[in-house]
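Structures incoming, each one as C-alpha cells.
You will see chain A twice below: alongside chain B first, and alongside chain C after that.
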Partner chain A sequence: MGAILKDLLKYNIEFRVGSMLIAIVLVMSALSFVSPYPPSDTFVVAPDAPPSAAHWFGTTSRGQDVFWQLTFAIRNTLAFGVLVAMLSRVLSLSIGLLAGYKGGWIDRILMSVNDTFIVIPLFPILILFYFVLRDSMSTLLLAVIMACLGWAYDARLIRSVAMSLKAREFTQVSIYSGMTTREILVREHLPYVMPIVFSTTMNNMNWSIGLEVTLAVLGFMDINSPTIGGMLYWANQHTAVVAGIWWWIAFPIALVVAAFVGLFLLAVSMNEYIDPRSRLARMGGGAR
Partner chain B sequence: MGDYIRYAMKRLGQFVLVVFIGVNLAYVITHATPIDPVEQSISASTSFGNAAPEAIAEMRRSLEELYGLKGSWSEQYLAFWSRVIRGDFGPSMSAFPTPVSSLIARAMPWTIGLLVTSTIITWALGNYLGALAGYHQRSRALKAFGLAAMGLHPVPYYIVALVLLIVFGYVWPILPISGGAAMNMPQGWNWPYVASVLKHSALPALSLILIGLGSWFLGMRSLVSNIITDDHVVYAEIGGVDRRRILRSYVMRNALAPQLTGLAMSLGGIFNGAVITEKVFGYPGVGTLLVDAVYAGDYGLVLGVTTVSIVGVSLGVLIIDLIYPLIDPRVQVD
Partner chain C sequence: MSAAPILQVRNLRAAFRTHHFGVRRDVPAVDDISFDVRANEIYGLAGESSSGKTTLIKTIAGVIKPPLELVGGSARFAFLPDCESLAQASPAAVAAIRWSKLAYIMQGSMNVLNPVRRIGKTFEDFALRHIGSAGDFQQRVEAHLQRVRLEPSVLRSYPHELSGGMRQRVTIALATICAPDFIIADEPTTALDVIVQKDVLAMMRDIQGAMGASILFVTHDMGVHAALTDRLGIMYAGRLVEEAPTDVIFRGALHPYTRHLIASLPRIGDRSERKSLTGVPPNLANAPPGCRFHPRCPLAVDICRVQAPAMTELATQHRVACHVVTGEAA
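Here is the complex of A and B:
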C-alpha cells in the first residue's frame, strides 16, 4: 500500500493535485470540531459583513460566519457522500460478483434489472420521493434511497471483472477444495475487484454529492442541517447575488468544486494505475 | 436481417422492462406516503377560489385512482396502469382545470429541442476533439483542453448553471437569463421568434454542453490512444495511408461504437441535468414544470412528469440502440 502511494505521488500529477484538493477539503471539515459558533444558530455575528480579518469569508445575511458555517457544511456533505458510497458498494459488489460468477439466467435477470436502473432518470424519482415523504425526508433516508438507486453502473463494471476471474485456475481450485459460493466470492474474488471499488467509490461520491447539493438548493431536503446545498439555498432565498453578498455564494461553490475535482482526479489516477498500459506509458516504458 | 430483427426485439424487450419497473417504482413510492394525499390535495386546491363541484368530484376520482385508494389491491393497481397507458393524469391542481397531459404536451417540445440539440453538439464535438487529442498527443492546445475538461467534467450541472447565471446575468449581461423566448411575442415560425428562442436557449444549452463535453472528450481520448497502437493502424501508417483518413476510418469509426453505447447509458443522467438547468434558467420545459409542481403540491403533475420522463428517456435509449448497428455492423447477439 505504501509503495503504491509513493509510485502514484511520483509519476502521477493527477494524483498529486487530487490528494492536495481533498486534503484542503478534509482540513476544512475537521475544523468544524473547533468552531466557535454552533452550526444552526443564526444572528451570532453582524450580518452581511464582507471578508475581513475577523471573518475570513465574511458573514451571511442570517448573521452566520461563512467560514465556520462552511466547515460544518462540507463535513455533512462529505459524510453524506461517504454514506451513500458505502451502502451502494455493498449492493454493487454483491450483485456484480454474483452475476459475474454465476452466469446463466441469474446473470441475465440481474443485468436486466441493472440496465433498467442505469437508464431510468433518477432525478424525477428522487423528487417524487421528496414529494410523497415531505418532512419525513431526512438526510439519512435520502442516503439510503440514493444508495438503492445508484449501484447499477458500478455493478456492471464489477461483473465484467468477476467474469474474467471465474475463468482463472484458482477459482477451479477453490471449487474443488469445497468452498461455498459465498466463500469464493468474499475470500477469493473480492481482493481482485478492490481497486475498481476504490475508483468507483470516488465517482459515486461525486454523483451523490452533486444530487444532494441540487436537491438542497431547490429546497427538496432537510435544509436546516447545514450542507453545501443548504448554504446555497439560503443564499438564494436572501438573493445574495443581487444584494452583492458574493462571498456567501463564491466560497461554498469554490470549496465544493475543489471536492468534486479532487475526487474525480483521484478516481482517474486510480483507473490509470489499474490499467497497466497507461501506467507504462506514463513511466516512459510504453510503446509511444 | 434476421439478426437485426432478433437484436431489435431484444432491445424492445428491455425498453418494456425499463418502463414497467420505472412505473412500478413510481406506484410503490406514491403508496409509501404516511399522509392522506387526496384530502390534502383537494383542500389545498379549493381553499382559494371556488371551483365547480363537478370539477372537484372529477379531480377526487382521478386522484383516488392515481393514488390507488379505491377498490381492492388489484383493482387499484390496474386503474393506475390504465391511466398511465392512456396518459390521463387528471386535471392539474396548480393550473386547475387544465389537464396534466396538455401541460406536459406544451412543455415537451422545449425540453426535447434543448436536450436533443445540446446532446448532439456535445457528443459530436467532444468525440471529435477527443479523437484529435488521442491521435495528436503532443498538441499543446489539445492538452490544455484536456485539463479544462478534467476540471469542469466532475462539477454538477446546478453549479455550472448557477455560475453562468451569475456571470451573464450580473457581471456581463449580454444574454437573456430567463424564459424560453421574449415576452409578449406571438409564437410562430417567423425569424424574430426563432431568433428569440435561440437566444434564450443559448445559456441553458451552453451549460449542458460545458458539463457534457468533458466526459466524451476524455473517454474518446483514452479509447483512441489505445486504438492507435493496434496492428491495423500501424500497418496503415507504414503503408502510407493519408493520416486524416487513418483517423477518420481506421481509428474514429472503431472508437465510436463504445461511445454510442455510452450515450445510451448516460441519457438518463443528461436528462437529470436538463431538468435542473431548465429550472435555473426558467426555461419553460418539463424540468421547470416538475419543480414548480412540487412547490405547488400538484400531485397529478408530479406523477405525470415523472412517468413521461421515464418513458421518454427509455424511448431515447431504444432509438440509440436501434441505430447502433449502423455504426457497428457486428451486431452483438449474445
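Here is the complex of A and C:
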C-alpha cells in the first residue's frame, strides 16, 4: 500500500495535486479543534473587517472570524460527506453484491427498487423532507436521508462486477468447498470490488457535499450548525456581496471548491490505478 | 483386479432440459454410462469436445444445476455407500465429503485462485473448514506445499505473482490438502505447455501414489492419457464406446471411433498422412438413432442405424459398444 501511494505521488500529477488540496482541507478542519472562538457565538470580534494580520480571512457582519468559522464549516461539511458516503456504501455494497451474486427473483426485486431510486428526482424530494420535518431536520438526519437516496448508481455498478465474479472459477470452487453465500460475498467478492468502491466513494462525497451546500444556501437546512452552505446562507442574508464583504463569500467557496477538485482528482487517479488499460494508454502503449 | 471399486457408475443419464415458450428441449448429454473406478487407480476419460465429459463428471460430483438434470442411474462412492448419487444426497452429506473425501479440480483450474486473495487466504477459505482444527493448519499446508515442490513463501503471494506452472501446483495442492480418497480432475493441464504439463502430471502421479487416492482424469489430450492413466474410457456423443487399460487402447483398440482417434495421433518417424473422419460429431439435441457413431462409421451396417449397441466385455477389462466388432468376435 505504501509503495503504491509513493508511486502514485511520483508519477501521477492528478494524485499529487488532489492529495495536496485534500491535505489543505484536512488541515483546515483539524484547526477547528484549536479555535479560540466557539462556532455558534456571534459578535466576538469586530464585524466587517477585511482580511488582515489579526483576522486572516476577515470577519463577518455577524462578528465572527471567517477563518475560524471556516474551520468548523469545512469540518462539518466533510464529516457530512464522509457519513453519507459510508452509509450509502454499506447499502450499495450489500445490495449490489447480493443482487449480482444471487440473480433470479432476488436480483429482479432489488434492481427494481434500485431503478426506482435512480429515477426519483432527488432535489424536490429533499426539499419535501425539509418542509415535512422543519425544525427536527438536523445534519445527521439529512445525512441518513441522503445515504438512502444515493446508493443506487453504485449498487448497479457493483452488481455488474458481482455478476461477472459469479461466473468465475474461484466462485464455483468456493461453492464446491462449502462456503456460505455470506462468506463468498465478504471474503471472495468484497476485496475484488473494494477499489471500485474507493473511487465511487469520492464521487459520492462530492455529490452529497454539493447537495448539502445547495440546500443550506437556500436555507433548507439546520442553518445554525456551521457548514459551508450555512456560511454562504448567512452571507446572503446579510447581503455580503452588495455590502462589499467579499471575503465572507469568497473563502468558503474557494475552500469547498478545493475539496471538490481534490476529491475529484483523487477519484480520477484512483480510477487510473484500478484500470491498467488507461494507465497503459497514458504511457503511450496499449491497443490503438 | 481384486481392489473394490471406489466409484460405481451404473446406467447414468443426465440431460439438459429447457422449457421455453412452450417448447421442450431435451439434450441427453450423458446417456446410459456405466463404469467403475477402482481404489488407487487413475481412470482416464477421453473424447472430443462436446462429447459430454464434463457433464458426466459434474453429474458424478453432484454439482449439477438446472438446466442440467439427473435423469436416471446411479453414481455410488464407496465412502458414501447409502447414497445413489451425490445429486440426490442431502446437502449435509455432500458437505461432509466434499474436499475431505472428494476433491474436484475444475476446468480452467488456473483461475480457481481468487486474484485479490493471497494464496494462504485461499487455502483458509477453501480447506480449513474441512480439516477442522486451526492449530496446525499452517504447518500442514506448508508440509503439503513441499510435496508439490513449492516454497512456503507462495502463501504470502497473490496468484498473479506466480507462474502458470506454480499456480497449477498450488491448485493441485489445494485439492489434495485433505488427502481425499477420490479426485476428479477436469482438464487440469490444458492451458500449460508440454514441459510444465509433464512436470505437473508427474507430480499428480506422485501425490496419488503417496496418498493412495483414485483419480478420474478427464482430457481430450491423448498424450496426457498415455502418460498418466491406468485405464481409459472413450466417450463419443454422450456415450461410453470403449473401455480398456490404457496400453490396450493405444495398441489394440477395437471400436472404429477409438481406432480413428488413435490413428490420428502423430508418431515420430511415421510420415504417412493422417486421415480425418468425415462428418462432425452429432448434435445431441437431435442425435442419430441407433449407434450415435453410425453416420461417420466406415463399418456401419443396418443394425447400427436402429439399435444402440450395448457395452460388451470382449476380453478381460476390455469393453466395447459396437455391433460389428462384437458380432465378429462372437
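Some notes on this structure:
Note that the second predicted complex is superposed on the first by the 282 of 288 C-alpha atoms of A that agree within 3 Å, B and C clash if a C-alpha of one lies under 4 Å from a C-alpha of the other, contacts with A are read in each partner's own complex, and residues count from 1 in each chain.
Assume contacts are C-beta pairs under 8 Å (C-beta built on N, C-alpha and C of every residue); 3 or more make two chains touch, one makes a residue touch a chain.
Since the structure is predicted, the reported quantities are computational estimates derived from the model, not experimental observations.
Model built by superposing both complexes on chain A: chain B and chain C fit together without a clash.
For chain A, the partner that touches more of its residues is B, with chain B and chain C as the two candidates. In the overlay built on the shared chain, the residue A:101 is in contact with neither chain B nor chain C. When the two complexes are overlaid on their common chain A, residue A:136 makes contact with chain B while staying clear of chain C.
Once chain A of one complex is fitted onto chain A of the other, the partner contacts of A:188 are limited to chain C, with no touch recorded for chain B. In the superposed model, A:169 makes contact with chain C only, not with chain B. Contacts of A:220 after superposition on the shared chain: chain B is touched, whereas chain C is not. In the superposed model, the angle subtended at the C-alpha centre of chain A by the C-alpha centres of chain B and chain C comes to 100 degrees, rounded to the nearest 10. With both structures placed on the common chain, the touch criterion links A:248 to neither chain B nor chain C. Shared-chain residue A:128: touches chain B; no touch with chain C.
Of the two partner chains placed around the shared chain by superposition, chain B is the only one that A:256 touches, whereas chain C remains out of contact. Put simply, the nearest alpha carbons of chain B and chain C end up 15 Å apart when the two models share chain A. Chain A has no residue lying at the interface with chain B in one structure and with chain C in the other. Residue ranges on chain B touching chain A, taken from their complex, read 14, 17-18, 21-22, 25-26, 29-30, 32-35, 37, 137, 150-151, 153-159, 162-163, 166, 169-170, 222, 225-226, 228-229, 264-265, 267-269, 271-272, 275-276, 279, 290-291, 294-295, 299, 302-303, 305-306, 309-310, 313-314, 317.
The part of chain C that touches chain A in the complex is made up of residues 61, 63, 95, 98-99, 104, 106-109, 111-117, 121-122, 125-127, 129-130. Interface of chain A with chain B (complex): residues 14, 112-113, 115-116, 118-125, 127-134, 136, 153, 206, 209-211, 213-214, 217-220, 232, 241-242, 249, 253, 256-257, 260-261, 263-265, 268, 277-278, 287-288.
Taken in their complex, chain A has these residues touching chain C: 168-170, 172-179, 183, 187-188, 191-192.
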